[in-house]
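Chain nomenclature is as follows: A, B and C, assigned in order of appearance, with residue numbering initiated at 1 for each chain independently.
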Amino acid sequence: MQILVQKTVRCALVILAVSALTFLMINLLPGDTAYIVGGEEATPADIEAIRKSLGLDQNIVVRYLTWLKNAASGDLGESYLTHEPVLSTIIARLPVTLELLIISQCMALILALPFGIVGAYRSNSMVDRLVNGIGFATLSIPSFVMALLTIYLFSIKLRWLPATGYVSLSANIGANLKSFVLPGLSIAMIEWVVLMRVLRSDMITTLGQDYILMAKAKGLPPWRVLLQHALRPSSFTLITVLGIQIGRHLGEAVIVETIFALPGIGRLLIDSIYARDYHMVQGCVLLITIGYVIINSVVDLLYTALDPRIRTEGGHAG
Amino acid sequence: MQDKDTGNRLGFTFWISIVWIVLVVFSALTASWWTIPEPDKMDWDNLSVRPGTVTDNAIFQNKTGKETSPYTYWLGTDTMGRDQVSRIVYGSRISLSVGLLAPMIGLLIGGLLGCLAGFYRGPLESTIVAAMDIILAFPGLVLLLAVTFYLGASLKNLIFSLGFLTIPVFCRVARAKTLALSGLEFVQAARLTGAGNMAIMLREIIPNVIVSVAIYGLLVVAFMIMAEGALSFLGLGIPSPTPSWGGMIAEGKEVLDESPHVSMIPAAIMFMTVISFNLIGDSLRSYFERGKHQI
Amino acid sequence: MMICSDTQPILEVNDLRALLPTRRGMVNAVDNISLRLHPGRTLGIVGESGCGKSMLARAIMGLLPARSIVPSESIVNFKGHSLISMKKARLRKIIGREIAMIFQDPMTSLNPVMKVGQQIAEVICFHLKVSRKNAHKRAVELLDLVGIPMAEQRANQYPHQLSGGLRQRVAIAIALACEPKLLIADEPTTALDVTVQAAILDLLAALQEEKQMAMILITHDLGVVAGRTDETAVMYAGKIVEQADTKELFHQMRMPYTHALMMAIPRLANRPHTKLQTINGQPPDMVDLPPGCRFASRCWKAQPLCIENEPSLKRINGQGHKIACWYPLESI
């Protein structure tokens, strides 16, 4: 339990630091913020209005504290364009990004697991080397190019799936899932490599252990040894990496959501940047970053929960 | 790739990658003298044409006056009739500038901080590590977008902000290597001869760390090229009309069904450049680590 | 311990060889081994670390490392059927069920992330096609049988929550789960405290008596085989160098190596601070073997003949005592 408290405190401190930095980023950078928001066509009167609405005429510490107070109570300001509250807009878009996250990571796992397991079981065979080679090359393909490749192959050439067009979950589940296939695939086709490598490496180590020999000595068939005895001890690093990938996903989501026109947080951020919607940009950056920190902390805790050795040692004596 | 027994010599893939990089750098440097059209010269008669199309009235960048001569669009043209060869070659200037200069910032600053942290330990190390953790707490692309929003997109800003993001990574690598080296005998020996800390640092530690960090830097270069590509693709990198590989890919997206070459050719060039840096970095890493104890 | 020489041997090994891949080439880890084991009897295999005794056990079970080679002339017959030429699927029905093995270090041979009871139940479920519930019941019974108190609770624990002795008892329970006819115990007490060793060996002896199992007891300690085995084979550098009924062996140690092993055992009767006897030198490099007797470089009785010619295992009397030595110790 002590560990839990410690990590939560640390997480909170990082969030505080991050929020302060996010705030400072705008306010201490060169260039008058009001001009940035106003753009090149703004008149002096516009600039003045912007300045007033953003509260730029006040002391920075005061501004930060005001902002912090507001943020803590859920008020992140209003969108300059739509005049809707920033927080509720972001929250409304959250499910889409989450769905993309879940679907893409599942796809990445589906690709990574078999190749990782087979790669460890038959390490350095032709198949293993081929897979490793393809994996290496895949990591040199940026996600936006992978997205275009999936569109070209599945949408244009094969005509299996539409390239864009999001259907919400409540409207039609089938169509909704369909609209996530290509985006998920674009992300998964790159992410699987890192997952596969980690799993393969851990499994090679595990397969050299005595208890695997013991499992074979019980007469268990290979697939059973691999899946029931070797997989679980080898998955710790995998799960940690999966957690870290999930954090990075937030960055990838921006690109993929934009290409496939999915109404998620990433696309919201981009659109807000194009539209120079100051509050929205700040709100997005803040929430995405906080989400990232929280996810990493949760992964950290999860790791502890999964390894029974750590779990029971911390708790009661044997 | 690390499991191969034969991966310890600099083989075929290494040299081919070097050749490609040299080619790209050469073309970036000498682009102004080539007999190609200007990168933003639009040929309305030849929009999105296939590679290999010949045109009669191209106007070259180095020729004044109205002389026209036949020219083959070896890589086709884009949606506005601009020669892809020319755009790729000029675009490589952007990709290479960002790709090579940004990591240098990270290497110098991050590498130095890492060495200091690993060598002096104590509160200095704790502070540096904490600062790096905070930078790493930000999802990279989001930070990048925020910076380009607030500061505006220019080559200089891009290089600095991307460079800034690589500082924690280099710091980590340098620190790990410094920690490993500090315990080794030749450092103890140097101390015994009365050498001061600074001298030890400069003479013994840094030369060894630099090799590791530089090799890692190649992988960072590959990543930077992809990152710049992503930003340009989103329209948040170098503003047009300056050609950039990412921007070219974005423009080709509109005609992906009829003329895939508009996107795919710059994508292929980017891929080959990125994988070359990755292969060089990977090969060098295996080469230098053979025989040394791997923990 | 009974002597039934007229029944068929349960295990018959002839000219068994195993070549293992190493960085420097293939190594003859098991070199021309022949044994015979009858039901209910115990065979002790004694030797230094690295002499190939563990690999011998693995070769019998068909569990050699990948890319190992067993030449086709080798014979391993269990109940008359050849284990070597058997299809893998059929072999897997036999090991774990009719032939079981206990490994040296129970901390590493038990799966750390699986409950102890489940590791026992899984063998029962797989081989005997019993329901999960019944298998679990049986697992708890087995834990009780091997002398683990509070068996029901222990079954739900993980290996790291048990002491070394208890863990080895669990390993024994796993091995005995399907009532095997042959049990191979590879250094079952080496990783345990001295105080626990005797208890484990006694447990094995009692269970063997009760279930009428044949047993192969592998150890580096001659003291362990004394009084607990019917027959003993001494291994050195992949070969058997002396083989006899245990009583006979201890009475009439003929091979100098066996004698040296015997001398190396510290005795309670020795005066305090008696220097421990060790055998000088190192076992030979298995990749680069000497042409003659493999023990010659460390043997105080070595003659030029020993260095040039390798002695083969030969009977020396009517009671089945075999040795491989040109100049055996004098018979008493």
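Here, contacts are C-beta pairs under 8 Å (C-beta built on N, C-alpha and C of every residue); 3 or more make two chains touch, one makes a residue touch a chain.
What you see is a predicted model, and the numbers here were worked out from it, not measured in a lab.
Chemist: Average the CA atoms of each chain to get its centre, and name the chain whose centre is farthest from that of chain B.
Modeler: Computed centres place C farthest from chain B.
Chemist: Could you name the chain whose Cα mean is nearest to the mean of all protein Cα atoms here?
Modeler: Per-chain C-alpha centroids compared to the overall one single out A.
Chemist: So how far apart, in whole Å, are chain A and chain C when each is placed at the average of its C-alpha atoms?
Modeler: Chain centres of chain A and chain C, defined by C-alpha means, are spaced 54 Å apart.
Chemist: Find the geometric centre of each of chain A and chain B from their Cα atoms only, then give the gap between the two centres in Å, rounded to an integer.
Modeler: Between these chains, centre-to-centre, one finds 24 Å.
Chemist: Averaging over Cα atoms per chain, report the distance between chain B and chain C in Å.
Modeler: 60
Chemist: Name, in rising order, each residue of chain A that touches chain B in their complex.
Modeler: Listed in rising order, the residues are 14, 17-18, 21-22, 25-26, 29-31, 33, 36, 123-124, 129, 132-133, 136-137, 139-145, 148, 151-152, 156, 247-248, 250-252, 254-255, 258-259, 269-270, 273-274, 276, 281, 284-285, 288-289, 292-293, 296.
Chemist: Quick check: in the complex, which residue numbers of chain C touch chain A?
Modeler: 58, 61, 63, 89, 91-97, 100-101, 103, 105, 108-114, 122-123, 126-127, 157-158, 160-162, 171, 174
Chemist: Could you please specify the touching residues of chain A with respect to chain C in the complex?
Modeler: 209-211, 213-221, 224, 228-229, 232-233, 307-309, 312-313, 318
Chemist: For a test of understanding, state which residues of chain B touch chain A in their complex under the given definition.
Modeler: Residues 1, 3-4, 133-134, 137-143, 145-152, 222, 226, 229-230, 233-236, 246, 249, 253, 256-257, 260, 263-264, 267, 270-271, 274-275, 278, 282.
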